[in-house]
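In the two complexes that follow, chain A is the common piece, with chain B as its partner first and chain C second.
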Partner chain A sequence: MRKLSRLRRRKITAPVLLFLALIVVGNAYAFIGATVTTSGATASNARSTMVDEGRQIFLRGCSSCHGLNAEGGGIAPALIGVGAASVDFQVGTGRMPLADMSQQAMRKTPVYNEEETAALAEYVATLAPGPAIPGAAQLTYERDGNTAEGGELFRTNCAMCHNAAGQGGALTQGKYAPTVMGVEAKYIYEAMITGPQAMPVFGEKAITPAEKLSMIKWIKAVESEKGLGGASLGKVGPVTEGLVAWVLGIGLLIGIAVWLTTKSR
Partner chain B sequence: MSNKELEPLQDPGLPAHAHRKADHDEAAANRAERQVAILFLLSALGTVLFIYSYIFIENNIYIYIPILGNQHAQQLFLGLGFAIALFFIGAGAVHWAKTLMSDTEVIAERHEMRSSDEDRAALIATVKEEVGAVGLGRRSLIKRSLALSLGLVGISPLLLLRDLGPLPGDVLNQTTWAEGVHLVTDPGNRRLRPEDLEVGAVAHVLPEIEDPEHRSLNSIAKDALLLIRIRPEEFRLDAERLSWTYQGIIAFSKICSHMGCAVALYEQTTKHLLCPCHQSTFDVPTGAKVIFGPSARPLPQLAIKVDDAGYLVAAAPFNQAVGPSFWERKK
Partner chain C sequence: MKPARERIAGSVANFVDERTGAAKFLKKSLNKVFPDHWSFMLGEIALYSFIILLLSGTFLTFWYVPSQEELIYEGSYVPLKGVKMSAAYSSTLDISFDVRGGMLMRQIHHWAALLFLAAMVAHMMRVFFTGAFRKPREMNWILGVALITLGIVEGFLGYSLPDDLLSGTGIRIAQAILQAIPLIGTYAAFFAFGGEFPGLDFIPRIYTVHVLLLPGIMLGLITVHLMLVWYQKHTQYPGPGRTEKNVVGYPLLPVYMAKAGGFLFIVFGVTAFLGAVASINPIWVFGPYTPTQISAGSQPDWYMGWLDGLVRMAPPIETYFFGKTISWNILIPGLIVPGIMFTGLALWPFIEAWATGDKREHNLLDRPRNTPTRTAVGAMAITFTIVALINGGNDIIATHFSLTINQIMWATRISIFVLPPLAYVITKRICLALQRADRDLVLHGRETGRLVMLPHGEFVEIHEELSPQEAFTRTSHEQLAPIPVAAIDANGVRPKGVLKDRIRARISKGILQEQIAKPTAKEKLELGGGHH
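Moving on, here comes the complex of A and B:
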């Protein structure tokens, strides 16, 4: 201890210590700074890898119809500027790739998994700006939606095709508006901002994001609504009701009429 | 061949009446009686079920029934109980009538409807005598005032026909749309700029009014408008109609020219507008020309433009009456 205190009192000690401290701080800074820059580089690398991967999937799975550069073709539209939301909707719900060339792309088990879909979306989004995939932070319909307002919006904007209870309905020549029951909030939102297939676009200004959340909340409320009045018969209105009345109801009445008029033995 | 063989077929007459088993077999009759009683008892059980579900089944219980899905238990059993109660009363009564009530066929004789001459003469004499007794022939003041009061009562319902009017006048030819009226979203009442609509987008709009909370339904029924945006080069319109559009945005009355339903089923791919009621199909690029269905006229197009602040406004009122035809409609 005594030796140490003697050393401390020497004239040279302060400059030497300062020098050493500077070296330590400098090296540490260089080391940390280097780490920061390398991690940044990794992120952007990962992004471009994802785009590359998406491009590879696109070339393999989509380019035969949509063209090598997504410029579209005789049977498929251009994908430049459709945005990530459109890809996420079409591929995520299994509508694309098409199973056959019929009028309507149907919802089915997706061909690509989540990462592949995300990569495809990332690639198509780089072609030109378009609607982005709504994140979970944006889909706060439980908190921000207004069911009554959503119902009003749905009846004005959606009910004519998707049925007043959201059960879907027929369009022309084999096309149809699918049911919105059981559809994830993300896909409902994406369908509104991208206008898939025959559906028109409902942009963020014509129907604000808050209004869209209200519509989703209303749809979810209808979905979980319990039947109070007996069999709902698919909630599609007079078609099934008429069928049941004419076939079951009148059939039963005919049976009773036959019983009434048979002579008992 | 003898004459007898040439005679037409004899009317075989009605078959002999066959009595039912219960008519001559006491055991069968007792069995039928028990069956009827069982049917009535089932009805009674139905009523018990009805009362039980009303009193004892909680209002928030849902049960799963195959095919029907989740059902509200109380409503289901109330309905079932009442249906059983009513149906088996009827079934029991019918079974009773068919098996046990007398089935002896009775011939009811038909008589002439006209009364005998004496009865008719007697009636006429009575009426004449009574009229003379009341004195209507002499007391003409009573007769006339009575005729007046009865007559007025008789024709007074005609007055109520006035409620069928007044005639609509020019109301059907007018809408709220006029030059400079802003297009606002329905619902929401926000003004729209052309850039708010992407190509392929639609928007449901109404005219901007001071008090949108109390918009009258009668005005909505005429003012409702659908905005559609397509690529401007896709229009196949004459110069005047083209000048009514704005950068690919075209505005049509949403009221079907057939029966007045809201035409708003828009297929982005085919650019067809459909009416959900009777499938009238309108082609948007050619100015809503009817290409299918019962509608006789294209949907009226509203001329739109942009005001100094960049908002979409009407450039002129509709040039024709919107909605279905009516007698006084100007062609």
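Moving on, here comes the complex of A and C:
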């Protein structure tokens, strides 16, 4: 008896009991909930297996940083409420799983294939509501976008970090805004609604979905134009131009001057 | 009988000659002799690119509309169709996309501008490092400094004319620098812009300055500059047969004219080539200027980049006195430092004459190694400018070399104080080492790498004597002695102005004492043959 009461007074006891109680209640609820939904459709059945799959992948690949239940940890933020769009962007562009703790996650070849990414996104989406992945029906920028308006919006909202030509730019402390050229329309859209890394979120109030499509259309238009005026010299502006003027221009002319003056000797 | 063509040409020439005396003038001028060295053609590159600028610029004025009135773009560049913009920007887009040859001309004009400034800087370095600015050419040096200053302003104004996002950002910074002038800054800015920034007046105003005022002044100054070169005759590098009193080279006609004329077309060719293959200032990607927008990676052209770099590295210091804010962070890098640099540059011939006490005329150039202090000061100035220039591109360098802006900022903040003095010391050492090498060469000849065994078994390397010409070139320079300190006389009275003289004597000692003594004929004789 004394043993039991001692155990009850242990600090750990209360949380453990609470945990057990929660498991019991949670499982009971899940059981009841499950019995309700199984009578629904088989589609949602497939969906829940996808969520399960996503959870499995998450436990293997992401939980070390983001926590077992995506609740976040010392090094990585919680993923509760970031939405499927955020996961699709981060994993689809290869930024997650993070390879090293450098200044900023970089775009690389994705670790997971499309199905696995979709499963991960499904799983994270079940944790709490968040922005969904824009479907093809939503990304009708070719039809609905207005290029010129998109350019104006881009210059007003994005150029200060991503450069007016969308070539990317440096931020402080080694962070940077990557180039937006060659990025798939879906990811451009997702970046705006989820605000990855150092980027702010541009919600529906700031930039309407129609305006987002216009911006994508402008980006695609600039991306596909090539060779206007000749070699673009990396499109970084006067820095390379100055370099070319000195190295190629003056360098060549001095070379010729040397040649002209030695020939006569 | 001569063919009719020649007869007509002859009588026209006669007609002109009888009324102007041109033949005599031409004969005299065409027999003028020009020395031949590649570094003497740097000024020509500047001259020819200036001519290209005048021609291509004139072409651009036919279509450019210097107005900030707003209109809706209806030209053929689709991503901007329907955008509200100034007439200036719209007309520049039209030149690029809708005027035949317009894009090429715009690009030639801009490349020529970069080349013009670069050629001027290179030319100035040649004049500086060889001491061509010394008496009697100080005037021409000052004209040169005026030209380079005007050239920078002219280039900046041209860069501002298209009224795109990049140029507008540059104008905004220029306005900030204007405003930073203590007391009158705000008024000066209002005066220049005809009211608040950006207003409607600025572009029309700078247009007049860019196409009329500055080119006119520069054309005048260049004419005087060249007339002075003509009149004072060109300097020459030291060498056998070359003295302070003669000029060794080719007659203007036909040799020099042929070369110079050919070179004009080569400069034209290089500029046209760049204009044809390499895009420059693609204003259509930047969009029209609006004060509410800014682009990451905004940069000025390179000749302004070092100023931008200085402004970027200045720590944010402001003071507030008697209701007046003074922005030191802009005032110092934007006005005071360049002010000191350009004043020092203009006065350099006089500073040097004062410090060395050498006020004689010089028509023979110095080999840079023989004036270690001057060469080192030049290297110091170049290092300073390059460090500033690097910081001007810090954001581009950061993204392309995986560095952080903060790292580059701090590296350049420290380097701008540390590297120039270091460059000074190292350059001076290199110059002295080269003098020593010259001395060894003259005394011992050139190492041939051929080893010979003497009868008693000793190995020696055969040294080949320099030719008398080569030896002359290496020894013909004079080595000045430092100015002596005025001694206190027998009565213990210090001569007047002694402090000033002492300072000067000290400086001249710093400049002139460290020299490697030239080999004398006696030393050479004592060494005998060249087998050491």
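Note that the second predicted complex is superposed on the first by the 219 of 265 C-alpha atoms of A that agree within 3 Å, B and C clash if a C-alpha of one lies under 4 Å from a C-alpha of the other, contacts with A are read in each partner's own complex, and residues count from 1 in each chain.
The criterion applied here is as follows: a contact is a pair of C-beta atoms (placed from the backbone, for glycine too) under 8 Å apart; a residue touches a chain by one contact, two chains touch by 3 or more.
This one's a predicted model, so the numbers in the text were calculated from it and none came from an experiment.
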| item | value |
| --- | --- |
| Partner chain in contact with A:128 - chain B first, chain C second, else both or neither | neither |
| Which superposed partner A:205 touches (first chain B, second chain C, both, neither) | first |
| Which superposed partner A:226 touches (first chain B, second chain C, both, neither) | first |
| Touched partner set for A:156, first chain B, second chain C, both or neither | both |
| Partner chain in contact with A:257 - chain B first, chain C second, else both or neither | second |
| Touched partner set for A:197, first chain B, second chain C, both or neither | first |
| Partner chain in contact with A:172 - chain B first, chain C second, else both or neither | both |
| Which superposed partner A:164 touches (first chain B, second chain C, both, neither) | second |
| Chain B or chain C, by number of chain A residues touched | C |
| On chain A, the residue positions that both chain B and chain C contact, one per complex | 149, 152, 156, 160-161, 169, 171-172, 228-232, 260, 264 |
| Complex contact set, residues of chain A against chain C | 103, 146-149, 151-152, 155-156, 159-165, 167-174, 176-177, 218, 221-222, 225, 228-233, 235-239, 241-246, 248-250, 252-254, 256-258, 260-262, 264 |
| Chain C residues within the chain A interface of the complex | 36-39, 41-42, 45, 73, 78-83, 96, 103, 107, 110-111, 114-115, 118-119, 122, 165-166, 250, 255, 259, 262-263, 266-267, 270-271, 274-282, 284-287, 290, 292-303, 305, 393-396, 398-400, 403-407 |
| Of chain A, residues touching chain B in the complex | 149, 152-153, 156-157, 160-161, 169, 171-172, 175, 195, 197-203, 205-208, 211, 226-232, 259-260, 263-265 |
| Chain B residues touching chain A - in the complex, by the definition given at the top | 20-21, 62, 67-72, 75-76, 79, 94, 98-99, 185-188, 190, 192-193, 195-204, 228, 262, 264-270, 272, 274, 276, 281 |
